[in-house]
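Common to both upcoming complexes is chain A, partnered first by chain B, then by chain C.
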Partner chain A sequence: MIRGCERAVERLFFGAAFISALITISIFGFMFVFGLPLFSGGRFPEIMTRPWAPHLGVFGIYPMIAGTFAVSLLAMVFAFPLSMGCAVLISVTGQGRLSRLLRRTVEIMTGMPTVIYGFVGIFLLIPLVRGIFGSGSGMCVLSAALVLAVLVSPTMILLFCDSFERVPPSYGHAALAAGATKIQRFLHVTLPCAGQGIIIAFTLSLGRAIGDTLIALMLAGNGVQVPASLFDSVRTLTAHIALVFAADHDSLEFRAIFVCGMSLYLLTAILSLLARRAGSKRRQQ
Partner chain B sequence: MMRFLEKVLPLFSWLCGAVLVAAISSVTGYLLFKGLRGVNLGLLFGTTDPVAALMLRQQVFDGLFPAMVGTLSLVLMSVGWAIPIGIAAGIYLAEYARGRTKMIFNLLFDILAGLPSVIIGLFGFSLTLFLNRHVSEALRPCLLISSIALAFLVLPYIIRTTQLAFESLPVQSRMTARALGASRLQNIVHVLLPQAFPGISSGVILAIGRCAEDTIVIMLTGVVASAGVPRSLLSPYEALPFYIYYISSQYGDQQELARGYSAAILLLIICLFLFSLAFLIKKGARYRTLYRP
Partner chain C sequence: MQSIMNPLLGAVIFSLIFCTSAMAGDLDSFKGDKGELAIAGGTAHIPVMKEAARRIMTANPEIRISIAGGGSGAGVKQAGEGLVDIGNSGRKPSDEEIAKYGLHLFKWAIDGVAIIVNPGNKVRALSQEQVKDIFAGRISNWKKVGGVDKQINLYSRDEASSTREVFWKTALQEREIVANVNIIASQGAMKATVSQDPFGIGYISAGFIDESVAAVAFDGVMPSQQTVKEGKYAITRGLYSNTKGEPVGLTKKFLEYLFTVEGQQIVAEQGFIPVQ
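Then we have the complex of A and B:
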């Protein structure tokens, strides 16, 4: 009796895990099936490389791919040094109370709603960018990347701090005993040992920057073009989905957003895999 | 090179700290400066009598009450879907799954956790199209579909926190009851689950916060700018974060914009409250759900 009950509950638990796993797979399946009309007939390379011109019957998503990389990579250019600096301030150069306070602030920042960053960005940052650089509407790669950097930094800072703390303290003690300063210990011992952790933090944050929709939708201007400068308006893959999903459901225009969806799925899945690999390497060390 | 770095690093770190603090304080400061005056009972109910609105006897046209009701029902429903499945899957992963099975599940949940919310939204939307064509014409983007899609979004949060809470329990508490003759399930239900409870509940609260702030998933699955208090599970609805987004691009006059600022403060307070609650229960819960240490 108890045996049977145990078995049934175990099956139930397995069922829950199986359903959750099935969701991951069926999301990909849906993207593929709905995008199928665009994949068939060898049109795939065309879609990835051509511009977006629905009135001419051309549904390339190349400008959106370029836009996604422009915004997210620029955001990482700002966010990576900023996060590294803050993580160093929290775990090395800052003292007691101040570093605890900063850490608390960063932790609270991870709970900030995205829409609020976007909202304040529109009314505070956009006029500033327009005023300082005096070009166009102010909605551009730079504005979106700046806000995105603030959005992804808190998580990156905490992951950095976490990877510094994982370095066995005895290594650090040895360096200190040999006469190193705290900063020397960090640069010569902690940082090299925390390599895999830094890779994890970077890939996860890049994935978040690529996947964020709202900031790009609200602040990047949504113009369909391959950006040539920081002040060009761009549309990311994510924003493109949010802008076009209401189109006629049988049109190729509508089908094209599933190709965007699939590209995003694959990109973020690859980043998750890279982070996993770095994680398992770190465990082996 | 290293010498130079050693000299510059402290200055650089202080500079970065200052930039980050300046950024976050200008965001919150600007919001408070612009919108704090508007945060009062009138923000929620407009000119309608609050009691009548709460009893659903009168419609609120110029307040955030319908959006608050929409967000609340959305959160309750999505978390309601996600909790049983998420906790059960987390327990399976921590206590039953071994070897290859565990690795595959871990991999799939890592991918799910990393998927952008717009993909989940698009999935919800295409699911609606699919059901509309093959099951019932009556199915359109609605509260029910949104809550299911949001449940997919927060499922990995709950799975991960549950799994982590179970896996980090000490070996002793795992062994004692078993040694006294408890079965595997009895051990889980009576010994491990109570101990893992703080970890699980912090994960649930984070999931609530994520549901309350999400804008993109609901945008693709049924939220609208004005619908009043949702009448049924199959009707469109309003939500607080979407209202903020909508105001930012479509505000008609300064009064509407001012209400947008106040709505943003309201959402900020809700999310920070939930976050601090989760944090009090379990330190550093949120960012650990993003990856497996």
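Then we have the complex of A and C:
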């Protein structure tokens, strides 16, 4: 009886896993089929390398790829040290109450809807960036990256904390017994042991920064150009999809967003594969 | 207390009844109706749609009307595919679209596309050549058109916007738009952005202009109901509501309501030019 029940549950879970894998794969297939008119005739390299000028019949998404990397990598430049600092304060040097308070705050922040950050960004950050740096509209790589950093940091902080806390306490005790300070223990024991966890947290957060639509759409300005400075208006792949989505659905313009979708899909797939490899390496150790 | 409340309450109820009955004339056709009506598409249409829907739903709470944006492209597409009952567009749907989906068009207003700047900006007039040069990036400082010595921040609309299409065809005469232009996704967002940016320039449906932004005269003509109506203001377009096939039932009544005296009055109140 119990075995039969167990088997049924097993099948149920297998079915669920199979269906979700199937959906993921078929989404990719779907995007490929819809993007096909753009791939045929060897136009693929053209799409990946040329600018976007629909009225001239050029549907390159290179500026959007460059924009995506500019915004998300800059966001990580801000978010990584910020998250590392917070995580250290919470789980390494912090005293009981302060670190608990900080942790609760960070936990609440992880659930904040993106649109709120975007909204606050428009009314507070954009005028500030415009005012401080003098030129430009304030809608630029920098503004979007700053807000994205705030968006991805909470998750990164919690993942960092997790990876610090998973280091066996006996290691830490040994270091303390040998006369190390808390900081020394962190730098020479915890950090090396938590290395893989940090890499995983970084890659997952980068994936989130690349995949976020609303913040880039609201704050990056959406200008179609390869950014030459932090104050240039850029359009990310996600924002491009959102903006072109309402165009005439039979046009090549519209087909081009399936290529954007595929690029995003592949990018995030590669990132999560990298994260998984880092994870499996750690388990082997 | 009670004695004060009652006459007050009575007055309120009386005025409510009086008002609704006085205004209900054009809403009579909705009596006894119920059902849902989905509207989507052009963002310029939204204020009129909302006001019409509010009055209809107040007169008859059994009717539910939902209004979404998405842009003119989405309006035509969604109406054509039967996803919504009415798809709005700020341009006349193309002949291919009309043939493909069997669209019926209802043009219920004329609208000007106004060039706007921040109210703090002193520039209040631009020639067509200046506008073309500004959006092509050849004029990049307000000083060159009589303003302060500051960089011009450009705002344009997304690919699906018919406001953009009309502006590009009429005002820019299909000239290029420089790459560093910021793209805004709706009429409302455009107004909010330019009202926030002291050195910005953009364009919106003339019906959306209020004190938070300042309209700019185009070739010496200020966009207003009067100049659009008389054909003096150059950048204009029709506001269309489209249905797949002949509209029936609630859809038909809603569209008819837009053409009634009251409907056209809403159109005018929201800053557009009635067609009748």
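Just so it is clear, the second predicted complex is superposed on the first by the 270 of 285 C-alpha atoms of A that agree within 3 Å, B and C clash if a C-alpha of one lies under 4 Å from a C-alpha of the other, contacts with A are read in each partner's own complex, and residues count from 1 in each chain.
Here is the rule we use: a residue touches a chain if its C-beta (ideal position, glycine included) is under 8 Å from a C-beta of that chain, and two chains touch if they have at least 3 such contacts.
Keep in mind that this is a model prediction, so the values were computed, not measured.
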Chain A as common anchor, with chain B and chain C clashing or fitting: clash
Touched partner set for A:I126, first chain B, second chain C, both or neither: second
Greater residue coverage of chain A in the superposed arrangement, chain B or chain C: B
Contacts of A:V244 with chain B and chain C, given as first, second, both or neither: second
Touched partner set for A:A66, first chain B, second chain C, both or neither: neither
Partner chain in contact with A:L252 - chain B first, chain C second, else both or neither: neither
Contacts of A:L274 with chain B and chain C, given as first, second, both or neither: neither
Touching partner for A:V58 - first (chain B), second (chain C), both, neither: neither
Which of chain B and chain C A:L176 touches, first, second, both or neither: neither
First, second, both or neither for A:L187, with chain B first and chain C second: first
Contacts of A:N222 with chain B and chain C, given as first, second, both or neither: second
Stretch in clash, chain B with chain C, out of 218-226, 254-262 or 272-280: 218-226
Set of chain A residues, in rising order, touched by both chain B and chain C: 122-123, 242, 245, 249
Of all residues in chain A, those that touch chain B in their complex: 2, 5-6, 9-10, 12-17, 19-21, 23-27, 30-31, 34, 81-86, 88-89, 92-94, 102, 105-120, 122-124, 150, 153-155, 157-159, 162, 181, 183-184, 186-188, 200, 204, 207, 210-214, 218, 238, 241-242, 245, 249, 257-258, 261, 264-265, 268-269, 271-273, 275-276, 279
In the complex with chain C, residue positions of chain A that touch it: 51, 54-55, 63, 122-123, 126-127, 130, 135-139, 217, 221-225, 232-233, 235, 242-249, 253
For the chain C and chain A complex, residues of the former touching the latter: 70-71, 73-74, 76-77, 97, 150-151, 153-155, 158-160, 174, 179-185, 192-193, 196-197, 199-200
Contacting residues of chain B [partner chain A, same complex]: 2, 5-6, 9-10, 12-17, 19-21, 23-24, 26-27, 30-31, 34, 84-86, 88-89, 91-93, 95-97, 104-105, 107-123, 125-127, 129-130, 152, 155-156, 159, 183-185, 209, 212-213, 215-216, 219-220, 241, 244-245, 247-249, 260, 264, 267-268, 271-272, 274-276, 279, 284, 286-287, 290-293
